[in-house]
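These are the structures, in structure tokens.
In the two complexes that follow, subunit A is the common piece, with subunit B as its partner first and subunit C second.
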Partner chain A sequence: MNFFRRQVPLLITLITGIVFAAQYYVPHPASEQMLTSVTKWLQIIGGFALVLGVSSLFHVHAVKIRRKEVGWGYSFVLYVGMLGTIAVGLWSNGKEAIDGTMTAFGWVYNFMMVPLQGTMFAILAFFIASAAYRSFRARSREAAVLLIAAVIVMMGRVPLGEYLIPISGDLSQWILNVLNASVRRAILIGVSLGTVALSIKIIFGMERSYLGGGKE
Partner chain B sequence: MTFTERMLKIDRRIIFLVIGLCTLLPLLYPVGLPIKISPEVRGVYDHIESLPEGSVFLLSLDFDPASKPELHPQAISLLRHAFRKNLRVIAMTLWVSGTGMADQVVTQVAREMGKDSGKDYVFLGWSPGGTAVIINMGQDLYGAFPADYSGKPTKGLSVLQGVASLRDVNYAVSLGAGNPGVEAWYVFGKDKYKFELGGGCTGVMAPGLYPLLRSGQINGLIGGLRGAAEYEILIDQKGKAVAGMDAQSATHLAIIVLVIMCNLFYFSSRNRARQQGG
Partner chain C sequence: MLKTSASFVLGSSKSSTYPRGYASGFDSPVALLDSRFEHPVLWKASVFLLVAVLSQSWLPVFAQTAETKKALSPPQDVRVFDTPSDGGGSLTVLWAPASDDSAAVKYQILLSEGPTPPDPAAMKVVAEFPANQRYVRESKWPWWTRPTTGDQHQFALRNGKGVELKNGTTYFVTVAKVSGDNRALATPVQATPEPNWINWNQMNNLLLALLFGGIVFYAIGTARKREIFLRRIPGLDAVDEAIGRATELGKPILYMTGAHDMSDPSTIAAAVILGRVAKRAAAYGTDLLVPHREPITMAVCQEITKQAYLEAGKPDLYKDDSNFFITSDQFSYTAAVDGIMLRKKPAANFFMGHYFAEALLLTETGASTGAIQIAGTDADHQLPFFVTTCDYTLIGEELYAASAYLSREPVQVGTLRGQDIGKALILGVLGIGTILATLGVMLDAQWPHIFLDVFKDVK
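Our next item is the complex of A and B:
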């Protein structure tokens, strides 16, 4: 059993890892055809992952409701919302509108999901303002530099800021284009090198945590 | 408790009220301050402007309703510009929760510009797989989307004539609110299938995409509501983004004033504590 649990997945990872890393550099039609087939599999697996995610969510919240854990009422609301949306979606054949007429599914989408998500995002502005007032203090030199840069960028990104301090627009552009881009690039290069190192470790079986920590 | 200490612990509902008023009042009484066009937004505009009639323009609306206020005006402006230039528009989304909204915006602008589905544009909808969809489209567009969002087979649509994969796309723009978004379109799309790419994103995401812009991996970037407002001015059709800029101006200024005030109170209370201690 250990052979199927450990050796076979490691072998599959090794072969597919090497083959698909090499595939990028081989423009031969056979190589391209292989990529086409595999990406179709990926799309199909993506569909299954969605089903898996939904069923997992149902399971987690069913347990909460059954055990009457703290906040189980929210889980109940989630259940009603999800089951209701699925039922309405199936009834409407997954369409938000048919021949220009809004279906029940379209109504749920347009008048419940869109405003709810929009509200959640809009509330952020209030919390950010409150958090900025409470915590954005020049406690050290580094914090002072961050504070000054933030004020310049905030001024330079809106017409009123550019009107009051005309140079703020150009200064903001310089901060974004030079300081920000160079630091971000350094972080990106670091992250990318880390990803390459981790991929190599996974391909050659040095990193095996993805196999799970079950007993051998 | 001293005045400065009281001010440092101000009730957050007062801050909420200030922000609320700074958003509401400019929307009711707009000022209309001039908006300067940035080179990154002009990059996207100029590229679309340079495309000959009938070129293939792909717009991926990779956002959900949460980012609608910032990215919806960008989508409207880009679609208006593309339709005005008589480009063949392929619209799609990589975010399942944004599908209905994307369909609405594409249909609405197409109707406004007198364009027909299947002939002048197509909305492909959403397909599972995230970034795998981009690779799949790069290999075979019809394999990734055998039918459009309305269920019509994509093969044979006149808008897709001569388009077999992403290699046949002249210009693609991803309006992304996260992952998959602009970066995914570069890594899995442009890098391999060699089409020109532009980006649009929310304001908070924009600084993270500047390295792609500076290196030429994307040829332009529309950042947040400000970017959308600049694009509306470029195509000479002012809309919700320009209308929202006064509110954004006032809110930014309010936050700056609040931050300066909090620092003044902070230093004042720290100095007093030092004097009392010394």
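Our next item is the complex of A and C:
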């Protein structure tokens, strides 16, 4: 049993890891075809996995409603929303519009989902302001540097700021192109090496915790 | 100076028809001019001057014509072959540069399908460009795959824009030199495009990857023999503190694995760290909440969490729904997690993995609830938001180092040392490369490319 739970997955990981690392160096159409096929497999498996996700969602919220836990009303709204959307989706054959006329499914998407998503995204502006306020209070040397850099960049990016302090445009570009870009590249080099090291550990079975089921 | 006026000279013709010879009563022009000018040497000097001036003004025209005629020799040393290290559907044409290559003269690439040599005049023109462009030195070939010297002309024929090259089909290709209406054609050359099995241009990449892999294995071997020093990572030291605080307050721990699926290394790293966090949460008997955006990640994390509770000796505390799926939609997920933060008020929030615009929406809400927050991400564009709103942030590679730091296993620690050696090598290459590239520009030399090409990403 342990063979199928541990050895087989590790063997599959080793073989596929080496094959797909080598695939990067093989330009032949057969190699591209193999990658495309595997990507399609992943999409198909992802589709099946959605069943897992949805069943988990139903289960968690059904328990909340049954136990009348705090906020169980939200779980009820979720059930109504999800079942309602599935119903109108089936009724509209999954189409948002038929012959130019918006279906009920299209209405739910365009007049409920899109505005709600827009609202969530719009909150970001206020959160940026509140986060900036807390961070830019010059309580330490680092925060003071952050504050000065932020003020220069803000002035340089806004037409009025550049009009008031003409040098702020060039200074802002220098901060972004030299200081910011070099630090970002340094982070990316570290991330890339970390990714390669993690991949080596996974391919050669040195990192197994993602499989669950013990170290044996 | 003149004995008579010019009008007299012009009107002295005795016939309305132009004379065909001097025998019918006309004097020769020389005799006529001699008779009109007081000093014959004067008109001769004037004519000489006129001829000299005219010849000066027409000389460039004659010279250009001569040059053009000279330049229109056909392109020399034309070579056509299957483009190496590619997926097929491409031919490469090489030919020698001419001394008179300039923007005024153009080169044409002509193509014809079929096994028999075609009439060059009937071949299809597939590309035209000024003669002072398209050199081998401008191509991306590194020195170990460059087919000829950098001063040669090069053109790659590829599928698209009116060209369709089928693998295994024979084509004839030639180069024409064009100036105005004149065109000189080289002899057509036969070639067949084929797909290749190895991209030799990327061999440097493979060698560097193997070198880095070797360094990692060497470092693991060293770590097994003796203890390796690990620098302190405050964000990971704070993991115990955060779990302890949640235990004291009797509140849950919220752990997120990011926006990507299990194919992303940052998600794998987040899942690995979840195992360590879950083990300590189990040991302390603290509730763990792991909301997911991706069902496969959820299934993997369920297994990891279950194993962590088993290893902690608290399998009875494990709850199957501690890992739960919310939605794969970005802002719906964010709204749901924000709701969990506001209702359940977790004492510790962990944001590991890759994040997008939802990063600040999540962390700012978490900060407003007073939770201790630890983030770890390789998303450089979201790092400022995490740094400003979280108590501790694992920056970039620290996310991948977390597993080693928390476990202290020799294999993990050795990998970390391997990464550090790799970084030291890259730092050295950056320094040496900068010096060599500067020298190359200053001395107009090509030899620095022997070093620089090795570290270049050639696709």
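Keep in mind that, in the parts below, the second predicted complex is superposed on the first by the 200 of 216 C-alpha atoms of A that agree within 3 Å, B and C clash if a C-alpha of one lies under 4 Å from a C-alpha of the other, contacts with A are read in each partner's own complex, and residues count from 1 in each chain.
Basically, a residue touches a chain if its C-beta (ideal position, glycine included) is under 8 Å from a C-beta of that chain, and two chains touch if they have at least 3 such contacts.
Just so it is clear, the structure is predicted and the values come from calculations on it, not from any experiment.
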| item | value |
| --- | --- |
| Touching partner for A:188 - first (subunit B), second (subunit C), both, neither | both |
| First, second, both or neither for A:159, with subunit B first and subunit C second | first |
| Subunit B versus subunit C as contact partner of A:52, first or second or both or neither | second |
| Contacts of A:211 with subunit B and subunit C, given as first, second, both or neither | second |
| Partner chain in contact with A:67 - subunit B first, subunit C second, else both or neither | neither |
| First, second, both or neither for A:120, with subunit B first and subunit C second | both |
| First, second, both or neither for A:130, with subunit B first and subunit C second | both |
| Partner chain(s) touched by A:141 [first = subunit B, second = subunit C, both, neither] | neither |
| Touched partner set for A:202, first subunit B, second subunit C, both or neither | second |
| Common ground on subunit A, meaning residues reached by subunit C in one complex and by subunit B in the other | 24, 32, 42, 45-46, 49-50, 116-117, 120-121, 128, 130, 132, 134, 184, 188 |
| Of subunit C, residues touching subunit A in the complex | 85-88, 195-199, 202-203, 205-206, 209, 212-213, 216, 220, 261-263, 265, 268-269, 271-272, 275, 292, 294-296, 298-300, 302-304, 306-307, 310-311, 321, 323-332, 334-335, 339, 343, 357, 360-361, 363-364, 367, 378, 380, 383, 385, 387-389, 395-397, 399-401, 403, 411-412, 415-416, 418-419, 422-423, 426 |
| Touching residues on subunit A, where the partner in the complex is subunit B | 24, 32, 35-36, 39-40, 42-47, 49-50, 96, 106, 109-110, 113-118, 120-122, 125-126, 128-130, 132-134, 136-138, 147, 150-151, 154-155, 157-163, 169, 173, 176-177, 180-181, 184-185, 188 |
| Touching residues on subunit A, where the partner in the complex is subunit C | 21, 24-30, 32, 42, 45-46, 49-54, 56-57, 59-60, 63, 70-71, 74, 116-117, 120-121, 123-124, 127-128, 130-132, 134-135, 184, 187-191, 193-202, 206-207, 209-214 |
| Touch list for subunit B against partner subunit A, complex | 10, 12, 15-16, 18-20, 23, 33-36, 38, 64-69, 96-97, 100-101, 103-104, 127-130, 132-133, 135-136, 139-140, 143-144, 192, 203, 206-208, 210-211, 213-215, 224, 226, 245-246, 248-256, 258-263, 266-267 |
